[in-house]
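Structure in structure tokens, see below.
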Amino acid sequence: MTKYINDESNNRRSFLKTAMLGTAAVGAGVVLPSLPVSENIGVANAASDGKAKMAFIQWQPHTVPNAWSKGIEEVLTAQQSFDYQLLDGQNKVEVQVSLMETLINDGAKVIFLQPIDSVALAPSIASAKRRGISVITLNIDATEEHAAHVEMNHYFGAMDIARVMGEKMGGKGEVAILNAPPGIIIRDQRTNGFVEGMAKYHPDIKIVADVNAEWSRKKAQDVLSTVLASNPNLTGVYGVNDSMALGAVDVAKQKGVLDKMTIFGNDGEKDALESIEKGELSGTQYTDVYQQGRFAASVAAVLASGGISARDFQSQGKLLMPYTIATADNVGEIQSAQRW
Amino acid sequence: MPNKLFKHIPNAGLIFFFVLLTSFFCLFANNFSTSMNAENILAGYSFIAIIALGQMFPITARGIDLSTGSIVALAGMVIYDCMLIFELSGWVSIGLGILAATLAGALNGILIVRFNLQPFVATLATLAGYRGLVYAISGRQLYPELATTPLRDPAVKALNEFYDIGSWTGLDQFFQTPWIPVSFFVLLGVMIALFVLLTLSPYGTALKATGGNYEAARLAGLPVRTITISAYAMSGLLAGIGAVLLVSRLTTSTESLGIGMELTAIAAAVIGGTRLQGGKGNVLGPVLGAFLLGIILVGLTLMGISQFVQQMLTGGILLAAVGYDSFRTRKQA
Amino acid sequence: MSNELLLETIEVSKRFGEFVALKSANIEVRAGKVLGFVGSNGAGKSTLIRVITGAHAPSSGTVKVRGKVVEKADPALMRSLGIACIYQHSSLVSTLSVIDNIFLGRQIRNRFGLVNGKAQRKRLQEVMTQFEITVDPDEEVGRLTPVSQKEVEILKALVASADVILMDEPTAWLSLSEVKTLHATIRKLSAAGKGVVYISHVLDEVFEICNDITILRDGTMIWTGPEEDIDRPKLVNLMVGEALGEASRAAMTAERHPRGTGEVRLATKGLTKNGVFHDISFEAYAGEILCFAGLIGSRRSEVVKCLFGDDKPSSGEILSEGKAIRFKSPSAAIASGICLVPEDRHAEGLCLQHSTLENIVIPSLETLSQKSILNRQSMAEMCDRQIKGLNILPPDPHKVVGRMSGGNQQKVLLGKWIEKNPKVLILDEPTVGVDVGAKAEIYATIRKLRDTGTAVIVVSSDLEEVMTLADRILVFNKGRITSTFDGGEVDNDTLIQAIGGEEVA
């Protein structure tokens, strides 16, 4: 679907913006990682004492947005002048839209958003912009330009996965992709990056299957068994998220072919990292998701403090998170405080 | 004395609870009693109220429709495809979407009547079947370059308009009146039409009889099979109308649209007094139920309450609403 | 108008495959007359009714309405010709109002196609005035008393201009006074020239209200004629055949055992439930059939519920074998040997969708299992015992109970408790809706239980039943015991007076 390509014409502006954001983020990152995460998600009663309101509308409760929220909260509560609220989108677009409208009405300064659909949330983002509210999207972009977008590097990261995975496979073999259900942008970013990466770095490796395992470990187990049956020479599996990759590991172990398989995931969850350390999963793209949250919050803080208005940005800033392709060689370097 | 009054107004307990809850939020939730908030709630929940009204038909006929969410997605995707791929005019696309939804509903009814399937089972199957169909016809899959194109048809824009009733009627002299969204007018129209259908026309009694005592209705010469099919067709039709409004609001349709919406619709209908055993239903109830769900979500969010606590409180408030109403009815019996 | 032949069946037979349900039925329903249909279950009454209402086409023979042959068997057609039937089980929709039920399927519409409420009310009022029946048109049918519901069904038929009205077991759940009201209404219908067909097991009522009687047995009409030409014993004999008729008569003259063996199994002292019943004191002896007689509404069932642990009294004592006890639940009562066959066998007694076997074993599951596993063999034996002992028909342990006749359902209920060897067995209205043959068998079973030493308490509003069964009678009136008699020492009239509320020494 939407290919992630840096458009030349916007390059300079977005570069400057990215540089500014990156500086703020790095600055925040240097100062804050050791602070304890606040437990204070409760009744916030903002308006009267002059605190700025911020809220995060997530897709639905899950490890990734939970970690973002922790990161965001760290930064915001440390600054003492923001009220923060975590809201559940219940996996329904219309709920997210409703929550957006409610926050706009409530005079929030910044809204963090993990859109369930990039087009459907666009009208609400436009609405927020009109009122001078900054919207920062996490991982999933929206078609309406907004203040900032902080993303795991889906596309380039997937390309790198292809490169590293291909090397581990010795440059040849057959690979299956365990994929997400259709209709989500990052699915396509992560898939296209991988496919194009393979074509570029390891043209001899063939992708023989691309099947839907619905982001789930259990489904991946079922699906991979079927794929193995029809492709007995399979030597590589790419799970578009860690859960599915771990499901593949389960099946490979069960069938006793784990040694012959190279299995990569994407996200960098704690379980995946442990699996790599045990020598089962071959690798994953690790992003420090707490850090991602902190970056987003730092950006928000800058915007909210009146330093720069959202309207001053003519185009959207995009921040790609730094990532590591974690394999057995370098997984030890990832600290436990960074694991999520 | 108040109890006697309550007896004669349907849903009196629910109305009372609704007013009570709204007052509470006006007092304790920031920005709840603003005109903007009223607009948000009307725009956000009118279409759910319409879908809940649709769900009332199969429930009154002593059945249930679990495929509502999938039918909403189906109608939405038909509209999307018609507008963006076939480039048909807005109103034609909308008409086709509603038609698709009605047919899907009728098919539910046919499966239940002709093949003697339990409504729960039949609509559970179509929940999956229709959802699969949505993925299959999805314009966003077939033509990926369209995936990020919003619907800009004038029909869609028209449905997303708000009207300043306040200035027309002069009410805005007294307080800041909310602008009423088109979806609310559609809801009012639907409510009036259903009121005539259910209370004044023979169809209403026939439907309640079919649900209340199928055998008795059959023996009385009512075409019970046709009535049952029509109940599911109505559910589809209203789901289609709701879908039109939702798609206009989002300016797009997604493959996962409406997942879980059937449960919301059933909850709203039941809170509104439609008995699951069939035979009873009125037009105001599901609407109140839908808006009650809306003000709970919005009110708790404006109070700054976190999502986990919100879930518990929502469950508690709903129990209270249903419990009070059922307690009141049992006292009467 | 009077005596016109409204409906006629000529040599009508109905065959279902091999089974002949009806053979050469010749019926005449005349205007202004009440015709009684009498016969045991399975005698062919229901089949005949279905032919008359057009639900079944006859295999041979003709049906004529007002002299014209009816070509097709079609319920809608027969209804339009003025034939209406009021079934034993209500065909009303309990969630709708009276007026909606009456006009169900034939609502009066205005020119927009909408319902014309005013016209409907007017028509209903006309009919109500003409026949002197009053009901509140807006009341929800589910909230009406049984007799009012019957009246609504009659109104429904009248509003549809029915000329022939069939009534199948119309008095099944009615009290004495309600039966009188119903009979008065029937007389009004006759006077207005309607033809009424009265199908009933209650022979007293048949003699009371019918002008002519037709007796069916095994699908054949074995006798028909005016009511004056037959008497009760002959009728019973014809209905059930000689042998069973004998048993029925013998029952009337059987030996009585007031106070049984002298051992008090169950007693109450001053048992009271505020606002329901007051100061109930009695003793039930082993080896005795004690009858609680009275009108419907005299609160006997409420007393019985307390005895069984299903309800709590406000004050007073219950003594089981001399010891004062308070049952917290039916299971406690059952553990003490007290069992109840409830009034509403459908709602409170049987699992209608389950089989005979499954119903019979329910209270005995503990005894039938070893180490928590059910012993199939014992279950089968238990079921077999009861089927044989009570002559349950059909004798198939897997027959779904909901499809059996009322009498056999009641036998299943009895069977399940007999297996527990109860010390006290309470039966609440045991033979409502049960045909004469099954009734006699049930009475025989009750007597056998008594003879083996069980204390039996029978709650009954059926005078004949009380007179037939009771060793001792307690008469209840509005929640109090007003008279006591020994069985066999009281005559019909005295008992009727006592039940009616007059103090009798």
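Note that the chains take the letters A, B and C in the order they are written out, and that residue 1 is the start of every chain.
Convention: contacts are C-beta pairs under 8 Å (C-beta built on N, C-alpha and C of every residue); 3 or more make two chains touch, one makes a residue touch a chain.
Here the structure is a predicted model, which means the values were calculated and not measured.
Enquirer: Computing the C-alpha centre of each chain, which chain sits at the greatest distance from chain A?
Expert: Here the answer is chain C, farthest from chain A.
Enquirer: Indicate, using Cα centroids, the chain positioned nearest the centre of all protein chains shown.
Expert: Smallest centre-to-centre distance to the global C-alpha mean: chain B.
Enquirer: Give the chain pair that accounts for the most C-beta pairs in contact.
Expert: Most contacting pair of chains: A-B.
Enquirer: If you average the Cα atoms of chain B and of chain C to get two centres, how far apart are those centres in Å?
Expert: One centre to the other, that is 47 Å.
Enquirer: Give, as an integer number of Å, the spacing between the C-alpha centres of chain C and chain A.
Expert: 73
Enquirer: Centre to centre, by mean C-alpha position, how many angstrom separate chain A and chain B?
Expert: 34
Enquirer: Identify all positions of chain A at which a residue touches two or more other chains, and write them in rising order.
Expert: Chain A, residues with two or more chain partners: not present.
Enquirer: Any idea which chain C residues touch chain B in the complex?
Expert: 75-76, 79, 90-96, 100-101, 103-107, 109, 113-115, 143
Enquirer: Spell out the residues on chain B that touch chain C in their complex, using ranges where they run on.
Expert: Per the touch definition, chain B meets chain C at residues 196, 200-202, 205-206, 208-209, 211-213, 215-217, 219-222, 275, 278-280, 333.
Enquirer: Enumerate the contact residues on chain A facing chain B in the complex.
Expert: 1-2, 41-47, 61, 83, 85-88, 90-95, 97-99, 101-107, 116-123, 143, 181-183, 185, 188
Enquirer: Quick check on the complex: what are the chain B residues that touch chain A?
Expert: Against chain A, chain B makes touches at 30-31, 34, 36-37, 40, 43-45, 48, 135, 138, 140-141, 144, 147-150, 160, 246, 249-252, 254-257, 259-261, 294, 297-298, 301-307, 309-311.
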